[in-house]
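Here come two complexes built around subunit A, the first alongside subunit B, the second alongside subunit C.
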Partner chain A sequence: MAERIYFRIVGSRIRSQLAYPASFALDVVAQFFGQGIELVVILVVFTQVSTLGGFSAAEVVLIYGLAATAFGLADLSVGQVEELPTYIRTGEFDVMLLRPLGTLAQLLSADVALKRVGRVAAGLGVLGWSLATLDLEWTPARVVLAVTAPVVGAVVLAAMWVAANAVSFWLVDGREVANSVTYGSNFSTSYPITIYGPWLRRMMCYVVPGAFVAYFPALALLGRPDPLGLPEALQWSSPLVAAIAVTGARLVWRTGVRHYQGTGS
Partner chain B sequence: MIIQTEALRREFLVGTRLRRRRVTAVEDVTLTVARGEAVGFLGPNGAGKSTTIKMLTGVLVPTSGRARVCGLDPVRERRELARRIGVVFGQRSQLWWDLPLVESFDLHGAIHRVPAARYRERLDECVELLDMGGFLRTPVRQLSLGQRMRGEVTAALLHSPELLVLDEPTIGLDLTSKERLRSFLSEVNARGDVTLLLTTHDLPDVERLCRRVVVIDQGRVLVDDELAVLRQQFAGHRTLVVELMEPAPPLLGLTGVVDVTVEAQGLRQRLEFAPGATTAAELIAAVARHVELRDVSVFEPSIEDLVRTIYLR
Partner chain C sequence: MLAPYPQLMVAGYRRYASYRQATLAGLATNVVFGLLRAAVLAAVVTQRGTVAGYDLPASITYVWLGQGLITVVMLWGDQELARRVRTGDVVIDLGRPWDLQAAMLATDLGRAGHAVALRLLPPAAFGALLFPFRWPERPTTWVLFAASVGLAVVVSFGIRFLLNASAFWLLDVRGVIAVWGVVGGVLSGLVLPLAWFPAWAQAVLRWTPFPALFQSPIDVFTERGDAVGVLATQLVWAVLLLLAGRTVLARGAGRLVVQGG
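So, the complex of A and B:
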């Protein structure tokens, strides 16, 4: 019931963006290449080395494809959350509090940027290509994993971003903190975590769960044991991590809104 | 009672982390508003009007004190309250700037789950009374301020709220737009199903719409009374303007007159008099004994003067 109104709001946003088709198409193409350029970086690195953190070029591209698709989907659905400081500064957040709807859902539906499908398309292209080239051993579980991993990864990323952007409820200049998580996660999830130092690795496994976006699902698809000796169960636990991350993010957001109502701006 | 507050207080921490100060925006506001009333909420900038309104609408939590609006706790029951009140901020839009006005209305109707027939009826009525037919299909960003404000008020009324809160609704509008909005609001309120709470710097708004006035300053209620009573109590001087047949020296020394201004080489004189000391009729008679009158007119103290007098006390 309540969901229907969000679809209507999102629909109206999308219609207004499609009102200028040429400009929209250019935006999509720019997003596509913006994401694709990072693949070039990986390929350039592999002209110098034959493995990266113990992974071959094709394997790293698989991780990258999973991460890029997840990033694109997350950016498409919750990327607008980074506008929170603007909404707070202009007082539009107050207007949201005056509607009988949840504030997060309003913020996310208020400014959907459909052009971000360009990113999703780039990610899907890379992912499809790497799945086709790698000689994977397809089991039913892996098929399900390949289809769901980008979506689950997107949920993990989305939850991380929402929680990170909620700092704007406490800090006037929270945008920088939040951006470091948002864009940092784009970069850091695109590579095998074996290339990072132990401190950063642990953080990505247990604190900011970036390793569950692409790295662990990729290991499961490749049928590789973890080079660091982490249990195989982790490779299949991204959905559980996503559920925990979503619960945590909702809590952080709700606390943030309460704080905002407590302090004003 | 549709609004009931008890010792509502709100403090803010301002300044940097190193030098924090506690500022009290609203110190002690106790207020009750009955259903169907129209209350003007006045005060200078920074008096605490907007902060009070934010506490009444669930945007801000009071530091202490209690507020009930429509029988609800505004912060805890924010969403339920949002269904039952309408809020218009003169400086902020609740419309979608890139959508045609009518589509913003449609979304509002859907957000508040207004039944289709009721929605149609309400919208048609507003469109007619506010004369919006000509720009319903125009994107909000292309509307003039006056057109947009008509849209804002309509959006706030589509779900038939019990209480309509207007924060500076006529700010920046031209005279015609102001007047159109005032007469619409006064009609809506006269029907008795909507309570109005209005902050404004434009005192004619209050004069036109409100029977009761609450003046706050520095976070406290200074005055809370009927506009008519306030006029009597705080009435500044009334002014009798006399046009004379022949130029005459200033008409000094008449009972109750506190100041005389001479204009048009003594052909027109403005006599300010204290309403308690004499009446207009007595004064006219007194003037007529001295000079030959061509015309007289009496001016009431403006509500601006009235509020200024209250502030000065």
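So, the complex of A and C:
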């Protein structure tokens, strides 16, 4: 029952954006290049060096392709969560609490920025090109991994963002703190974690699980062991991490909603 | 009576000084990104010792100054004039006994002053304390750096003013601002040192105002190249952009139609 309502809400949001095709097309193109410029940065870096953190240009581009597709998918589906501070400030969140639907689902469907398909397209383009040109040894397991990795990565990112944005229930303007997780994850997951110092690396493996978005799946696809000697099992454990992350994010969100007391004006 | 401009500058400063939590949150973001960006640059530089004249301390300094300068120069997020054009409020601004561009510049300089104290110094100090840092060798560099940051703010204001003024023709400047948001950081030398770019790209960028935003002040601080020449180039761009802004504003105001009501 409730699902049908969400489908109708999301459908109406999408139709409203397609009402101005030219403006929509421009937005999509801007998103496409917004994601693509990160690739330009990586390519410029590789005009100066031949490997980065022990990985070749083609291998880093694979990591980037996985990360960018996952980011695009996550941004498309839960990107709206960064508007939470606005909803809290204006008191609209109180309205959501009154409706007989989940708060998070209402927030996410309040506006669906369809233009973000531009990001997904850029990511998929790079990923497809990378998979086709890298001489990979294809096994059934790797095929499944290549198809599911961007989606699983998107789930990990989405859980991270929901948890990070829930800080707005405690902080008056938590947007910037949450942004450092959202956009920071876009940047940090695009590179092999070997370039980060031990402290940042542990953080990305065990606290904010960014390493499972692109780095570990890429190692599994490339069939190479982790240069830092982390167990091979980690390379295939992104779905498990995604499940844990989702559970954690749910818990944080629920606690946040319970804690929420309104802005009071 | 005093001219309104110094007072507007103070008002610009105060406006930002009143959001302490937002300042702290913004600082946290700058620091997180600084750590990530420093890791990438360090990974590049440690492989070869120096890349296009950047050794490890120079690259680290480059990253942390850049992170600090983001809010000072204010690359993104200024849509005030465009909003006022769209709503029609700009009519009130044009009717006031001031020079609109000068008034906006004064406010922006006040804003930048606040950002220097609270958004530039802390990340720079963070980077300087925890990482190898390249301090200026000549005392005069500090003065030149301050001037260069000031000029960078004026150049950035000039660019933002022109982008916003396009609202007189376009009404909705989202597309224009989005494109600038995508390319601005790369073209101005915020993301990577411009010296790492291919020679042709460097040759093209030399003829644009973009390096004046980040690459110039950072070059002055790290004493790359001739500081006076860098400042002179920034000054030329600042003047050209302000003049272009005046012309565009005059033209735009001429075709402004405000719906009555």
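By definition in this document, the second predicted complex is superposed on the first by the 260 of 265 C-alpha atoms of A that agree within 3 Å, B and C clash if a C-alpha of one lies under 4 Å from a C-alpha of the other, contacts with A are read in each partner's own complex, and residues count from 1 in each chain.
Here is the rule we go by: a residue touches a chain if its C-beta (ideal position, glycine included) is under 8 Å from a C-beta of that chain, and two chains touch if they have at least 3 such contacts.
From a predicted model like this one, the values you see are computed outputs, not experimental measurements.
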item: First, second, both or neither for A:Thr90, with subunit B first and subunit C second; value: first
item: Which of subunit B and subunit C A:Leu101 touches, first, second, both or neither; value: first
item: Partner chain(s) touched by A:Val49 [first = subunit B, second = subunit C, both, neither]; value: second
item: Touched partner set for A:Arg8, first subunit B, second subunit C, both or neither; value: first
item: Which superposed partner A:Leu66 touches (first subunit B, second subunit C, both, neither); value: neither
item: Touching partner for A:Glu176 - first (subunit B), second (subunit C), both, neither; value: second
item: Partner contacting more residues of subunit A (subunit B vs subunit C); value: C
item: Touching partner for A:Ser16 - first (subunit B), second (subunit C), both, neither; value: first
item: First (subunit B), second (subunit C), both or neither touched by A:Gln261; value: first
item: Complex contact set, residues of subunit B against subunit A; value: 12-13, 51, 54, 57-61, 75, 78-80, 82-83, 87, 89, 91-94, 96, 98-99, 103, 107, 110-112
item: Subunit C-touching residues of subunit A, taken from the complex the two chains share; value: 23, 26-27, 30, 33-34, 37, 40-41, 44-45, 47-49, 51-53, 171-177, 179-180, 183-184, 187-188, 191, 194-197, 200
item: Interfacial residue positions of subunit A with respect to subunit B in the complex; value: 4-5, 8-9, 12, 16, 90-92, 94-95, 97-101, 258, 261-264
item: Interfacial residue positions of subunit C with respect to subunit A in the complex; value: 19, 21-22, 25-26, 28-29, 32-33, 35-37, 39-40, 42-44, 47-48, 51-52, 172, 174-175, 178-179, 181-183, 186, 191-192, 196-198
